[in-house]
């Protein structure tokens, strides 16, 4: 079995990919996917730390991941509903074209 | 009796022990995979011919009877035809997704078979959260359906895929809710434990299967309905409604890829049938104490075949639903009924502790049955408001 | 109650399935090449020509009047008149077709030729196994293949054949009576120019 | 280390899917690759002994969120979006730089941490049985569970309200306008 740092490094790479995507892509849906990837990276950390932590029988990391999953589902639902609502009004979901609040 | 019951397990062990010691874990895994794939593939071939012949008999026809004795080699001929047909990919299709969709559809369904206990000690994997895994793998097929529909770049394909996804998402809810009472009372998500919990006989001869309780009967009905919809079978086969959508998301598929979709459909049917047998019909348990001498896999196979026959019977009987009827049935009837069923199961479970009249089994029976019959009648009226009214036809008569 | 109709349907189809092994009414299909249902009398496929008695060369009812050729909507009939006349069944001198061809790859089986024929000669057949490996020569049916006996016509269209036979019998009897009368008249000095050639 | 091959495979699927999801042009491809990444993570969870979380991951992410994203893409005609000039070369370079920087800083701290290096995982001892998770949810975590339930209900309602289409005729047919129209008609008649 691999040492925990392997899982953490995979998680770090996943997080950085998600972060770069969320920061640079201009499509709102892709930004949302990037955020989901970052959330997943965090979940992987929780599971890895639970697995090799001192008290795995307490299931803390697992419980946290389960709640995180539920919240991610809620976030995706609301986020995508927002994107669809924005698309109805502005006919675009390219973030650099949604600039009416720019000073 | 015991050697016959465990014949597959022991012969499997003997086969594996022939391999060198370092390769034995891999050999065991490979043998299990090969066994499951061979049995399910054989079942697939057999079911196609039995379904066609059964449908024929139901419709006063004979069905295929030309290839081989009684037409039994028809699946071979069909398979040969499918394999040798030209594989056409539309020029505007998204090649990668079009290629991957049938594979992604079939792989999760194969995986589900590793969870089913086909007999005593005959589950390939005893996962602790088996039922949840089953549903997770089932939901992965939705993505494959979307890929197939979208990558074909065909309006009918996209429409068919959208219908299929709407249907699968809607019916996943009652499917999962119908299984919840079983999980609640068995106290486990593992399929092996659920079969274990259905052991023994009440009054010495009535098996303690879940289907023989009021909540189990209702749950089984809900499960069967939702499972039919989930595996896209008639009367819920709108995604492939050929009168409206040609063949739905399969329109642009031909040759071997089409065969894979076909296979996936039947394997999905087998998977939900196996799950239904395990959850409600007592898995591999014998129906009567005096029949315990027959091997456990025989009972599983028998119940499994009976359930498949019920699906074929339903296909030959019921006309296809309209899309709004389909969604109404799911959200206005199946889901509320499943929720009430959960409540009834909880009362069934807890009523012995209340003491008094509730400890006697007939009282529990009456109480839970009453809890379920009245909502059934009431919700049935809500879902079909014109029931009993005389129909008027615009042009006929 | 919800589901009562569904159960009724299940019972009916279940009976269909189970009884199909015992009750012939529940299994109505026929295994085609081995068993064949007799075609209905009014079935029509392609036309054929009726001949009386046993020799098609003599008894062919067709008089090459070419009405069918003109009426045929797709124009699949070709008729060439013979140069000499022969006596028909009432003894009247008529032409016979030297060539009578139907291109059955063009024929649409409408039956108009049979309707317009004043001599009850062209009728619609019941044969339907008309496929061939070649599409020109074997699809062009000539007089020899078209000619079929009146017995055959009686066997496939018994009702119509009975009527026609009765009618023709009447006509023949009338013609014979006329000839007899003419013969009787010949014995007396008066002559009848119509029935010059008594059979 | 043959034991590690499944992990490397799952990690490769996860990272490859994530990178493809963030760099491909076609939005539907992006969503499908993201679904692949989510499924790969599920495999890693399964390997780590968290069966329940793995199943929930596949059920929620592949079954629900990926489908939601795909539906949103189709509803916003995102599959056929035109690329603007700004969305090309510099982006990719900057993205690579960001990935490298973030990853290097995180990986550096992970690799230098002595407590992580020392501990290795012992495989068979730890699992997360579903029964224990359920007991935990019903005892220690009952308040968070209720809160999540409330949050999900609120999110569902919010999503419906946000995404519901406002019908133009509905406003015409609404009460005050109808009254006004009736009043206007009466005025016209008189």
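A, B, C and D label the chains in the order they appear, each numbered from 1.
Note that a contact is a pair of C-beta atoms (placed from the backbone, for glycine too) under 8 Å apart; a residue touches a chain by one contact, two chains touch by 3 or more.
Not measured: the values here are computed from a predicted model.
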| item | value |
| --- | --- |
| Graph distance between subunit C and subunit D, where chains that touch are linked | 2 |
| Between the pairs B-D and B-C, the one where more C-beta pairs touch | B-D |
| Distance between chain centroids, defined by C-alpha means - subunit B, subunit D (Å) | 29 |
| Whole-Å separation of chain centres (CA-atom averages), subunit A against subunit C | 82 |
| Gap in Å, rounded to a whole number, between the CA centres of subunit C and subunit B | 58 |
| Length of the line joining the C-alpha centres of subunit A and subunit B, rounded to whole Å | 34 |
| Interface hub residues of subunit C, defined as touching at least two other chains | none |
| Multi-chain contact residues (two or more partners), subunit D | 52, 56-57, 64, 71 |
| In the complex with subunit B, residue positions of subunit D that touch it | 26, 28-29, 32, 35, 39, 42, 51-52, 54-59, 62-64, 66-67, 70-71, 74, 79, 127, 129-131 |
| Parts of subunit D lying in touch with subunit A, wherever the complex brings them together | 1, 3-4, 7, 11, 14-15, 18-19, 21-23, 27, 30-31, 34, 37-38, 41, 44-45, 48-50, 52-53, 56-57, 60-61, 64-65, 68-69, 71-73, 75-76, 78, 81, 84, 86-87, 91, 94-96, 98-103, 106-107, 110-111, 113, 116-117, 119-123, 125-126, 128, 132-133, 136-137, 141, 144, 148, 151-152, 154-156, 158-160, 162-163, 165 |
| For the subunit B and subunit C complex, residues of the former touching the latter | 54, 57-62, 65, 313-314, 316-318, 333, 376-377, 379-381, 383-384, 387 |
| Residue ranges of subunit A touching subunit D (in the complex, touch as defined) | 1-10, 12-21, 23-27, 29-30, 32-34, 36-37, 40, 43-44, 47-48, 50-52, 56-57, 59, 62-63, 65-67, 69-78, 80-85, 87-88, 93-94, 96 |
| Residue ranges of subunit B touching subunit D (in the complex, touch as defined) | 94, 96-97, 127-129, 132-133, 135-137, 139-140, 142-143, 146-147, 150, 158, 162, 165, 169, 172, 187-190 |
